[in-house]
Structure formats: structure tokens, C-alpha cells
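A single structure is presented below for examination.
By written order: A, B, C and D. Residues from 1 in each chain.
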Amino acid sequence: MTPDLFRILPEVILTLSGVLVMLADAALEPRADRRPLGWLAALGVTVALGASLWQGSLPAGTAFYGSVQTDAFSTFFHVLICGIVLAAILLSIDALPEGQHHRGEYFALMVFGAVGMCLLTSAVELLVVFIALEISSISTYVLAGYRKDTEKGPESAMKYFLLGSFATAFLLYGIAMIFGATGTTQIPEIATLLPAARSHTLVLLAFALMMVGVLFKVSAAPFHVWTPDVYEGAPTPVVALMSTAPKVAAFALLVRLLYGAFPLLHALWMPLLWIVAILSMTVGNLAALRQQNAKRMLAYSSIAHAGYLLAALAGSGTEPIAAIAFYTAAYAAMNVGIFGLMSLVAGTSERRSTIADYRGVLAESPLAGGLMLLFLISLIGIPFTGGFFAKFYSFSTAMQGGATWLALIGLLNSGIAAAYYLRFAMAVAQPKNGKTAPVGRWGVATVVAIFAAGGATLVLGIAPGWVLHAASTAAQSFASITGF
Amino acid sequence: MNTPVPADWYLLLSAALFTMGVIGFLSKRSLITVFMSIELMLNAVNLSFVTFAHEWHAVKGQIFVFFVMMVAAAEAAVGLAIIIAIFRVRGTLTVDQIDRMKL
Amino acid sequence: MDGMILSLILVVPLAGMVAILLLPDRGKLPAWIALLDSLLTFVCTLHLPAHFHNQQAGFQFEENLPWLSRPAIHFHVGVDGLSLWLVVLVGLLAPVGVVASWRAVQKNSKVFYAMYLLQQTAMVGVFVSLDLMLYYGFWELSLIPIAVLTAMFGRNLGDGAAGKAALRFFLYTFLASAPLLVALLWLYAHTGSFDYATLQAAVASGTLPGWQLGWVSVAFLIAFAVKVPVLGLHGWLPDLFSEAPVAIAMIAAGKLGLYSLIRFHVELFPALAHRAAPWMIALAAIGILYGAMLALVQKEFWKLLAYATIGSLSFCTLGIYGFTAAGMSGAVLQTVNEGVIGAALFLMFGVLYESARTSRMADFGGLARQTPRLATLFTIAGLALIGLPLLNGFVGEFLVLSGTFVGVSRSWAAIAALGVILSAAYMLGAIQKIFLADGGDQQNGQAGRVARDLTGMETVTVAVLAVLMLAIGVQPTVWTEAMESALQTVTHSMHAQGATPVRMESGTVIASSMGGRQ
Amino acid sequence: MNEPMLFLPLIALFPFAGFLLNGLFGSRLPKAIVSTIALLFPLLSFAVVARAAWMVHGGMLLPVAESGAPTWIAVGGFHVGFQFVLDQLSLVMLLVVTGVGFLIHLYSVGYMEHEQGYWRYFAYLNLFLFFMTVLVLAGNYLLMFVGWEGVGLASYLLIGFYIDRKSAGDAGKKAFVVNRVGDFGFLIGMFLLIANFGTLNFHRIGTQLAGHPAISGATATLICLCLILGATGKSAQIPLYIWLPDAMEGPTPVSALIHAATMVTAGVYMIARTHALFDLSPTAMMVVAVVGTATAFFAATVAMVQTDIKRVLAYSTISQLGYMFLGCGVGAYSAAVFHLMTHAFFKALLFLAAGSVIHGLSGEQDMRRMGGLRKAMPVTFWTMTAAVLAISGFFPFAGFFSKDAILAAAFQHGTLGKALWTVGLITALLTSFYMFRLWYLTFLGESRGAAHQDGHGDGHAAHAHESPWIMLLPLVVLALLSVTGGWIGIERFAGFLEPVTGQAAMVDAGHTELFLSVLAVLVAALGWFLAHLFFGRDGEAAAQAAQSLAPIRRLLQGKYWIDEIYTALIVRPVQWLARFVLGWLGEWTLVRGSAWLMSGVVGLSGELLRRWQSGNLRSYAAWLAAGAAALLLFALAGTLLGLNGFADSIHWAVR
């Protein structure tokens, strides 16, 4: 029997590296350059990545009295989250302004956030879910408000913090309710005990309240209002992290809850998710049309992508899980890529905020402009890019489940989405005029991160075979364990 | 002699507390009070946990309460730090004035 | 070699693109690479007709490699009579486009030529792919270069008109292809494969639910009709033609949409295409007059060319939806003709615009003396466009009109034939305003804008196109033979739908038509 | 039977070779080489035709079919090739086309000597000959259509030869577009033929008709009417004649070749070629006859008041073509072709002589500034006199025989025939009147050249010089032909054409025929006398006659304002329709409007949603709470009310 520790090896490594970074930061004198700390954090995350890959080879099983479960599903998400955090750290090594003495904590916070998110994907005990959620949320709250000197930084942190804890309170209340109804907080046990639940209104209440918390984290439609303001205020590398990793972890949690805990309520949450998906897509795309600020526009686009992801749930069998897994991977690659480039192009002082500021970037530096075009095209969903295949796979799963209308609305929505992505791409492609500012310097770390993201987007578009395979094995193993 | 108070009463109290917390969150003007209302909501949840733990004679509920309190403490620390940061930059704590980012 | 040629044609432009991206953007280097690469592509495409067996039905040079197992997508490419000459056309137009933008594109030509070569791969991909998902991939990919290059190298960038035109073009096609993807997924959900042959069999077998299949075919039809463009969906054409760089505009309209209409609407859904035919014929016939009349009153030559293209493309749609042997072969031939003539006219208008910086025809006048070569070649291309016998336009138009008149409906054919008069009027009007003494600026002393004559390279290119126009006009059988064998299946399958194909030679009086509608 | 090859395709390919050589290399070759090329190839083509004529004379049976290339268009059972067929009719036409063509080429060398773009002129002229020979030799309608539009193109290029003159460009465009209207009719006719006969080959259609004509009279009439529309376009009859007078903008030899001798006769040739079909529908025949006569009379009236020498000849051509149409209309196809041949001779001569006059007066075309050229240009004078006598129909000249044959045939064609005959006779009177008017104004009386310009006495007559011999030789040859052309006599000519044009209704010999010809000559003499009266002795008779008829004179001078009516009725409405109905309504409102509306709605809703982000934390929290409430309601209400599909899976919820 593999010892319990192996089940949470990646999380342990991440925690250790976080602590190490904090200690190293304390050891350095205040004025020293914090860049090596970034490399240290990056090293830690890479080791954790390796550990989770190794963990994949272990047979699936639970640990710590069934509170944490590792299977192909959790490994897939572990690798994905570690990859995202690694990229975010690499991006921020060059992006953060010089001379800020407290930069050490920045990298530590990112690593601790990673711990929370990884734990979230393998937790099957609601208590562990709550703790993991809080760890990742708190670290992202602080990261959001990182640029303390600007007016927008603290405001975005404040909004994210208050609304986040508000939603977590709802989630917690839901957990209490389910505990009251079934007497347990173990996800598998909930599923078995559900038919014999004490009182059914309690179960439904619990489900609804938990959904509020999770949908907030996923930034789906009615609970998306925080996203634009927070993304606008936070520094761009943090947004690269915030818009992808927590969302990926939240979707893993959503799958765990829906398929693991409440399979019986299928007839209840299917139409619910239909409505939320359509709402998110439409709100996300329409609001982004007239958006001038680049980051706010991409915030709305992430809301829309949450909608496309939820649409996949309309499928039947294990297809939706595989589709969600693949979509999150492609979505992560695109968003990390585009935000990474925006942080590079805007430079340390973030002087490019509106879309018009990005005019003439392709002429200024063909490499950065070209890559930006690649990511935008992938976000639109043009074939031979990851974005297209993700949407294609998600909507074909929905179609298999008979949701033709959802697929049609989804694709028309991505048609509307093309309008504002293209407006951004056209601005980038315009020839230079007077006020085209110079593009930031290509640091080694940024090169690695952005080319990794670009490569992932292209590979997921042209030869998505092996990632598809990984996603479907994850779905198979999840299904076999939860036995639906 | 004094029959135990039935469990539902506790639940009702916790629900009441929770809704008061929500209303507080929506109506209060100062950041600190808003923050306090979140704490109130968390404690309401603790109450319901304890009730269910007693109901199901499972110690797990109480363990949960400890964790919730621990997390509430962590949140308090971070939350107050953020509130101070805002105060230093904006010089005000009234929620309605902190809306630089809109539209 | 036969098994590899199609993927070679797809890869060569990509290789050129990569070479251009890697090498520095100094002077004419990207342009030379693009020219050599496009010529190489053209030579490769010529391999196809050389080894094509006209009589052999079905697809040739087929390659079928599994690409993805989960949604069963294959890299399945093949060519038959229908797509053979269209691939060669793309091969031919590639170098012509490079020559056309030789002088026009000076700054960051690296991005221009890289995108341009990507466009060639996308277009060849559309014509050769037999797996509907692969087809959809190339179909969408072909939008990007056009949109980006129009935004970057468009004409009046100042007031953002180029950006708007690019955006309008992209959205028109992209929004229309959303339902297309849904239809594709629906078919996949019901048949489990994207392969053209299996889908064709499944649709023919009638196992798929009726009314939904109807909607699927409508989705296919609209997506392709926007790309042609058919009348009513042509909002994007005039803007794109007056904004896009010449090399892009000459390949943007017509070919992709028409080929897709035949292959993926008429051949895939014969019964439903048969039901949609009356509407399409009506739209096409009116489109011919609509385009020709609007071209008559245009003051700028880009808009004139746009509406002329709408008119001549409506001829092709008229031919396709007549389902007669003559009509369909005529339509495919007319597509090739429109490509050749359009390329020549675009190149020459580009030269005029580039040297005189204005597209208002009244500003020119009396250029025949200044630019003799340009005048003669322009007149030849113009006459080919309006369908002068012994040039290629006439053969296409005659076949389409005779096919429609005899096999479909006399009234529509007569209306369409009126277009012949209007086309002569607007083209000769243009020739007169630009090249002959139009009295515009001549009188008030200010000589018409000085325009440069064609350079050596440009003259050779347009001369080759002119000779091709004459060759197609005199010996069209070289081209129609391959097309006809491919369309055999369609015209016969149409037979099952009651549209009896026209038997012309046997002398018996055949006034057959669809449901006796005269 | 090894029939010797007649090399028919060469007849067409020789001029094409001339066109290619001059077209590609002409601008770099000296004038001498250009003219040798331009003359050599038509001569070769004429030689082949002459050899063919000699072979036929020697007893070779016609028709002979040879094909240039086997197939041209072969699609779906419809097959048409480059078949060239020589029969009696096309032999006559070829003799005229290549013969007169060569003479005009010779003349042009002199006339165009010091013109810019000399090589371009001869390239286009050769191109014209190529298309005309293709038209005549074509074995099927489609190949004829190639020639048909080809000559239209050549005439467009030649009319617009003077590229500096806007009026030339407009005239060229007008000619081509009006021809295109006719070609539209021809195209529809061809489609009807394909629909009814399945083929466009003359021979096959002939055999199908000869057997048991399966097609009804009505379809035959429809086909013929379409072909007539085509013919009126090409042969400048009402209603599509308006382009011919403007075509005078081109150089004079062009008018002689294209707008007198060859191209304009294509319509008559086509009708003669499809006489089998026309015989089937009397209504079509009647239409041809009436159109012909009306055009003849109408054009003759207008010609009377024209002052430009070339315009007079242009209207005279339209009038004479009217006669040929009348001939065809009454079934006398051979008479029509006979008149076509003779007309080619004397009308070409008239134009060339006029050209020589203009050349002599260095560009002067207005008859009011001519006069007294008799002594200055004797050869031109005598050849022109021969032509004037021929066209007026005086006895020994060619015009008398051919016009008389047509009028005789018309006379016998029932009551309608008699009416047409009378109009024809009146037109003959007008014809001789305006021809002699031209004759008097140009050659007799004293020169009015300089009087208008600078008042000194000598005027044009003094320094008007005779044209060089290269221009006069063709004049003399054509004069001979104009005189002797008619002596073949209609009987022998009809006999020769009989296998092609079928049995012509024989004129019953004896006194009626004699009476008609005498009457014709008298009418011609009367015309001469009137002209002599008005213009012979200049002076008061002409002036006071003009006053009394002033309103009619103005009407005629305005050419009945037909051009203006056409512009008002057709051109303006089309442009208005295009600019406003299609332009504004179609493009801006429907197409652009719909796209703008859609994007507007989407954009507006986007704007509203953007407003939703008020930035105020409490409003965010409110939305969050509202969302949560909605979710709760949905979860609870959904189960209790048993929304669709809810009840089955969690049936126990109601408990």
C-alpha cells in the first residue's frame, strides 16, 4: 500500500519550496535583486510537476482516511496547474518593477496558491476542499492587490477579498447543510447516502448554496461581476495566473461535486448549468464588444469561456469530463500566452491599458505582434489552434448529449466574440503611428514562458492526440472510481 | 425536566444570523462593518455545524468548526491588511467612494 | 509520386512561409522567396492535370492518414475533375499575386508574404480536403490572412476604413460558418464520421431525420452562399475590394464558395439542393442584373470591379443550380475564368492606383497614349469579362445560359442574358473613361493623372493570363472534359430528383424542365 | 472521290496572321512593311476564294465542308466544332468581302498615309476581315456568332481609332452596346434552336426541317423574331440603326468597308442562311418586309437634309439595307443577295470617293463648303458619277437590276406587297434626289469653300488636289463593277443561288416586268430633275422651297430626335434605377442597413451590459446575493413544482 505521503507529494514539495523562498527572501538584504528568488520558486514548482507526473504512475487510491484521492483525473489537473504557475512565475520574473524590496513574498504567494489549487483537485473530503479553496483564494487576494502604490491595486484586492469570502461563506453553509442532511462530508459517501438523506429540502438547499460558491470561483454568469474590476487592478502576470489556475481548479471541483457527490440530482443541475452556460456566454461576449480596456475585455472573454466550458456538461457519459479537461488545458495555454505578452508589451510600468495603445505592435516587433495574433486567433477559435479544438470538442460533446441548441448558441456567441478579438488583433496589426511605444525587453524567463504557451496552443490545435488521450483516461479513471 | 431545545430552533437561529450577515454586507457603508458581517456569516455556519454534529453524534462537525474559525482568523489578518492599504491610498473607507474601476 | 503530390502542394507554401519568417526582412528578399515558392507551387499543381485520368470517376491522388481517433478526423485529401482545375488556378494565381504586389508592398513585406503564402495553403486545402473537419479547418484558416493583410496593408488606413472592411469581411463569413460547424457536429453525432463519402452515403440512405437534415443543408448553403457571395449576402465585397491589397482581393471572392456549393451542398444533399434550386436560380439571375447595373453607375473602379464580380459570380450560381450538364460544367469553367480575368484586371487596376493614388475613373483619361501596353492588355481582359467569343468568358456564359434556358427556365435565362448588354456598357464605359479621351480633365487643360505603364514582369504576367484567356476560349474541351466526368454523378443523381438532364444531340425535342415550369 | 481541298480555314487564318504580325510588331516596323503585310494577307485570302470560285466554275459540287479544329465546345451531349462550309451563298459573300476588302485595304494605304497609329489601323482592319470571313464561312450558328460579335469588336476598335476624340470613343461604345442588344436577340434565338433542334449546325437543322418540321409555326416565329432582332442590330434597321450614323466618326475607308459593304450585310446574310425557318412563319417574313421598307423610307427622308457628306451616305446605306430586308421579307432572297452584292460595289465606291474628296479638301466634310470640284478631281468625279447613277437605279448600271428585282418581287407579293412596292418606289425617288443633291453640291457649281472662312475668292476648288493613284485605282475598279455588276441578271444569279436559297417566286415575264423597270427608270430621272431644279442652278428656287417646308426640314434635320428619345426612354431610366433604386435602396438600406442594424443591436446590448459594472462593491454583492437567491429558488421550486423531467429522477423529493 503506497504510503499516504506519496498521495500529497506535489503539495508537500510546493509548500517546502514556498517556505524556502520566504526564508531566502529574509536572508537577502533589502536592496538586493529578487530575481533569483523567482528562479528558486520556479525550480520548486518544476520539481512538484515532476512529482505529480511520477504520482500518475502510482495506482489510484485515497489517503488520510479517504480525504485525498489521486487518480488520472487529479494527476492531469496537478500537471496543468503546476504548468500554469510555473509560467506565471517565469513571466513575473522580468515583469515586476525593480527595486521593490518585498518582491520575495510575491513568488512565495504564488507557490502557496499552487498548493491550494492542487489540493483542491485531489480533495474528496469537503473539509479539505474548503481549506484548499481558502489557501488558494487568500494567496490570490494578496497577489491581486500587489501594486499597492496605484489606486486600482488595493481596490481590486478589496473587492476580490470581500466578494470571495462572501461566496465562500455560502459554500461553507452548503457544506454544513449537506453534513446535516447526510451526516458525512466525504464526497463518495454523500453520493451513497443521498437517497436516504434526512430531509430533501435540506439537500437541495445545500446543493444550491455550494453551487453559489463554486460558480463564483468559476466566474460563471450571475456571479461574474467581480472579474472585470479585479483583472483590471491586478498586475498582468498575476492576472495570467488568476484567470487560469483557480478557474481550472474550480472546474475540477465542480466535476467532483456534480459527478462525485450529486449524480442523482442530474435532472436538477443539467438545466441549471444550461442556463448558467448560456448566460455566461452571452453576458461575457456582449459586454466585451464595446470594452476599450484590454484587460477588462479579456476578463469578459474569460467569463464567456467559462460558459463554453459549462456547455460541455450537457453531454452524457464520461465525454463531458474529458472535454472539460481538454478545454481547461487549451484555455490555460491561450490566456497565459496573451496575458504574458501583454505584460511584456506593456512593460514594467503597464503604460498600455486600452486597445488603442496596442496599435502598431506587429510593426514595432513582429515576434511579439505575431504571437499576440496567434493567441487572439486561438481565442477566436480558428482551426489548427488549441482554442478551436477545445470549442469543437466541448460543443461536439454537448451535441452528443442532444443539446443542439446550446451548441448553436455557443458557436454564434463565439462569432460575436470574434468581433472584439479581431478589433484587438486589427489594432495590433495596424501600421505604426506616432504614439506606438517601444515593446519591453525579452527576458530569458519570459521567452521560455511565452514560447511554452504558444507551443501548447499550436500543439493542442494541430496534434491534440496525446492530450486528448490523457483527458479521456482521466475521465475514465474518475468514472471508474466514482462508479457512475 | 427541561426538555432539550429541538434542533430546528438552532438551525433557524443560524439561518437568521446568516441572513443578517448578508444584509449587513449589502447595506453597511464602512469597510470594517462589511468585513464584520462576513465574520458573522461564518459564525452562523459554525452554529449550524455544531447543531448537526450534535444531531448526528459525529465529532466531525466540531472539528469543522475549529477549521472554520482558523480560516476566519487568517482571513481577518489578510482582510485588515488590505483595508489598511486602501485607507493609505484612498484615505476613506466608505465603500461607495472606492469605485475607481467601473464600466 | 501520385500518392504524395497533394500534401507536397500543401507543404511547399508553408515551407516558403517559414523561410520568409526566419530570414531577415531586407529589401526584396521576402518578395523573391515568395515568388520562387509560388512558382514552385504552381509547377507542382501542374503535375495534377498531367497525370489525371479524365474518364476515371471518383477521386485521384488520394491520401488518407488518420489524424485523430477521438473525434474520428482523418487527413483525407483527394482531387477529382471538379477540384482539379481549381487547384491549378490557385497555383497560377499565387505568383500573379506576388507580382501584383511587387511594387505596392514596400514596408514590412515579410509579414505580407508570409501571410500570403499561408493563404495559398489554406485555399488549396479547401479544394483538396475530403474530410469535412479538415475542410472546415482550411475554410476558417483562409479568413485570417485576408482579414489581417487588409487591416495592415489596406488602402486608406488613415480613417480606419481598411480595418472596418477587414472586420466586416471576417464577421460575414465567420458568423455564417458557425451554423456550418453545428451542422457538421450534428452529422458527426449521427454518422460517427466526417468522411465525405460516408456522409454522402448516409444522407442518401435517408436514415437521418428529415426536417433536421433540412436545417443542416440550409446551414451549409448559407455558409457557402456568403463566401460566393450570392446576392443579398454580398455586403462585404465592395468594401473589401476597395480596401484590400490587390493580391488578396483577387483570390477572396468566388472560387471557395462556388466549389463548396457544388461539392458540399449539391453533391452532399441532392434532394435538398433540388428544393433550394428555384430560390438560388432566382437570386442568381437577379444578381447578374443587380451587379451589372450597379457597376454601370460606379465612379470608382474598385467598386466597379466588385459589382462586376458579383454579376459574373451569379452566372456560376445560376449554372450550378440548373443541374444541367452544360450548366454545371459552364459554372465550373466560369469560376476558373473569373479567377483568371479577375487576376488580370486587379493587377492592372493595382498599377493604376499605385501610380496615380486615386481610384476615381474621372481623374484618368487619355492613358492609351501614355501607357499603350496597359491599355491593350486591359482591353483584352475587359472584353474577356464581358464574354466576347473566342475568349474564355463567352464559353462559360454560353454554357450556363444555354443550360439554364434549355433545361431549367426560359424566363430566368432570358433575364440573365440581359446582363450581357449591361456588362458591355459598363466595361466599355470604364475603358473609355480611363484610357480614351473621356473629355473629363482633358478639356480643362489638366492632363489626366500620369500613370506608369506595366513593368516587364507585370507585362509578362498579364500576357500569360491573356494567352490563357484565348486558349480557354478556343479549346475549352481541355478543361471541361475533366469537369464533366466529375459532374456526371451530380447531373445523373439529379435525374433521380426529376430534373431530367438535357439530351441535346439526339435531335428529339427536349423541352424538359423541372416540374414543367417555363 | 478525292475532292481537291479548298483550304477554307486559310481564308480566315490569313487575315488573322496579318492582324497578329501587325498587332504585335507593327509599332516597331516601318510603314512600308506594315502596309505590305496588311495587303499581302487579304490578297492571299482573296486568292484562295478565287481559286475556290474557279473550281466551282469548273464543275465542283458545293457545298463543301472542311473543319479547322474538330471540337470547340463539347459538353453533356451538346457538340459544336469549328466547321467551315462553302456553298453558293457564302461563295458570293466571300467574293464580295475579300474582293472589296482588298480594294479598300489598297485605298487605305493612301488615305491613312500620314495618320498616327498607322500599324494599329491595319491590324484592326485585318482583324475585321478575319471575323467577317469566319462569319460567312461558319457552318453553325455559334461560329457565326463568333464572327458576329467579332466584327462588332472590330468596328468598335476602328470607329474609336482616333483615340484623342471623345466623340469617336462615344460612337464606338454606342456601336458596340447597340450591337450587343442585337446579339442578345441572336443569343436567345440560338438557345431556342438548341431547345428545339438540339443542334446549331445549319445542315442538321435543314435536314430536320426538310423532313417533317416537328416545330409549330409559333415557335418558328419566335425563333425568327429573335434572329430578326439580331439582324436589325447588325444591319442597322429600325429600331437599332442609331449607331450607324455616329459610326462615321471612324476613318472613311472603315465606313466604306464595314459600314457599307460587309458588316452591315451580315444581317441579310443570316436571314438568307435561315430562309428554311423563315419560310415556315409568314408573320416573321411580313415583319422583315415591313421593317425593311419603313427603314428604307425613313432613312431616305433623313438623308435628304444631311449636310455632312458621310452622314448622307450612312443614311443611304441604312435605306438600301432596308431594300434588302424588303427582298428577304417577300421571299426573294436571291434578289436581296443580288442587291447586297451590287450595293457593296457602288456604296463602297461612294464612300471611297467621298474619302478622296475629304482627303483632297484636307479634312473638310461639310457639303456646304464644297462645290466645283469637277475639274479639280476628274477621276473621283467620274467614278462618283457612275456610283450615283448606279444607286439611283438608271438603266445600264448595277443598281437598276438589283433594286428592280426586289421591287418586282415585292409587287407580286399580294396586296401588302403592292403597298410595300409603292413605298419602295417613293424611296427610290428620294434616293436619286439626295444622291444627285450630293452630286451637285460636291462637284458642280462654284466652290463655296473659302467663302465662309476668309472671303478671298479662290476657295477650295483651287488648291483641291486629286488623290494619288493608289486611291484612284480602287475607285476605277469599283466603278467598273458598279456598271457591269448588274449585267449578270437576276435570273442567272437566282439560278446560281437556287440550291441554297430555295425556289424563288419567278417574276412572270412579259409586259408587267417591263412596265415596272421603265417606271423605275422614270422615277430615277424625276429624282435627278428635282435635284437639278433645286441644286443645279443655285439660287432662289432652292431658298424659297426651303422656307415653305421649314417645319418638316427641322424635323428631318433633327433626325426625328430618335437619339434623344432613346436616351430619355432607356438610358436615363436605367441609370436612375441603378443609382437610386439599387444603389440607395438595395445597397445602403437592405444590405448595409441590415448588417448595421444587427451590429448596432449587439453593440447596444454590449453597452448596456458594460454599464452594469457600476464599480460599486455593494451593487456587486447585491447581484451576487440575487444570483444566489435565484439559484435557491430554482433548486427548490424546480423540484416541488415538478418541472419537466424533474420529477422522474428524484421522485422522493416530494415526500
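Assume a residue touches a chain if its C-beta (ideal position, glycine included) is under 8 Å from a C-beta of that chain, and two chains touch if they have at least 3 such contacts.
For clarity, every value in this text was computed on a predicted model and none was experimentally measured.
Chemist: Could you compare the number of C-beta pairs in contact for B-D with that for A-B and name the larger?
Modeler: Of B-D and A-B, more C-beta pairs in contact link A-B.
Chemist: Name the most central chain, where centre means the mean of Cα atoms.
Modeler: The chain sitting closest to the overall C-alpha centre is C.
Chemist: Cα centroid separation between chain B and chain C, in whole Å?
Modeler: About 66 Å separates the centre of chain B from that of chain C.
Chemist: Could you put a whole-Å number on the gap between the CA centroids of chain B and chain D?
Modeler: One centre to the other, that is 97 Å.
Chemist: Whole-Å distance, chain A centre to chain B centre, using C-alpha means?
Modeler: Roughly 27 Å, centre to centre.
Chemist: So what's the Cα centroid distance for chain C and chain D, whole Å?
Modeler: That gives a centre separation of 35 Å.
Chemist: What parts of chain C, by residue number, touch at least two of the other chains?
Modeler: 171
Chemist: Going through chain D residue by residue, note those that touch at least 2 other chains and give them in order.
Modeler: 599, 610, 613, 615, 617, 621
Chemist: Going by the contact rule already set, what residues in chain B reach two or more other chains?
Modeler: As it turns out, chain B has residues touching two or more other chains at 25, 34, 98-102.
Chemist: All pairs of touching chains, please: list them by chain label.
Modeler: A-B, A-C, A-D, B-D, C-D
Chemist: Spell out the part of chain A that touches chain D in their complex, as residue ranges.
Modeler: Result: residues 158-159, 162-163, 166-167, 170, 195, 200-201, 204-205, 207-209, 211-212, 215-216, 222-223, 225-226, 228-229, 264-268, 271-272, 283, 286-291, 416, 419 of chain A touch chain D.
Chemist: Using the touch rule from the top, collect the residues of chain A that touch chain B in their complex.
Modeler: It comes out as residues 127, 130-131, 134, 138, 141-142, 145, 148-158, 161-162, 165-166, 169, 172-173, 175-177, 179-180, 183-185, 228-229, 232-233.
Chemist: Would you pull the chain D residues touching chain A in the complex into a rising list?
Modeler: Answer in residue numbers: 599, 602-603, 605-607, 609-610, 612-613, 615, 617, 619-621, 623-624, 626-628, 630-632, 634-636, 638-639, 643, 645-646, 648-650, 652-653, 655.
Chemist: Going by the contact rule set out above, which residues of chain D touch chain B in the complex?
Modeler: Residue positions touching the partner: 610-611, 613-618, 621-622, 625.
Chemist: Name, in rising order, each residue of chain B that touches chain D in their complex.
Modeler: 22, 25-27, 34, 95-96, 98-103
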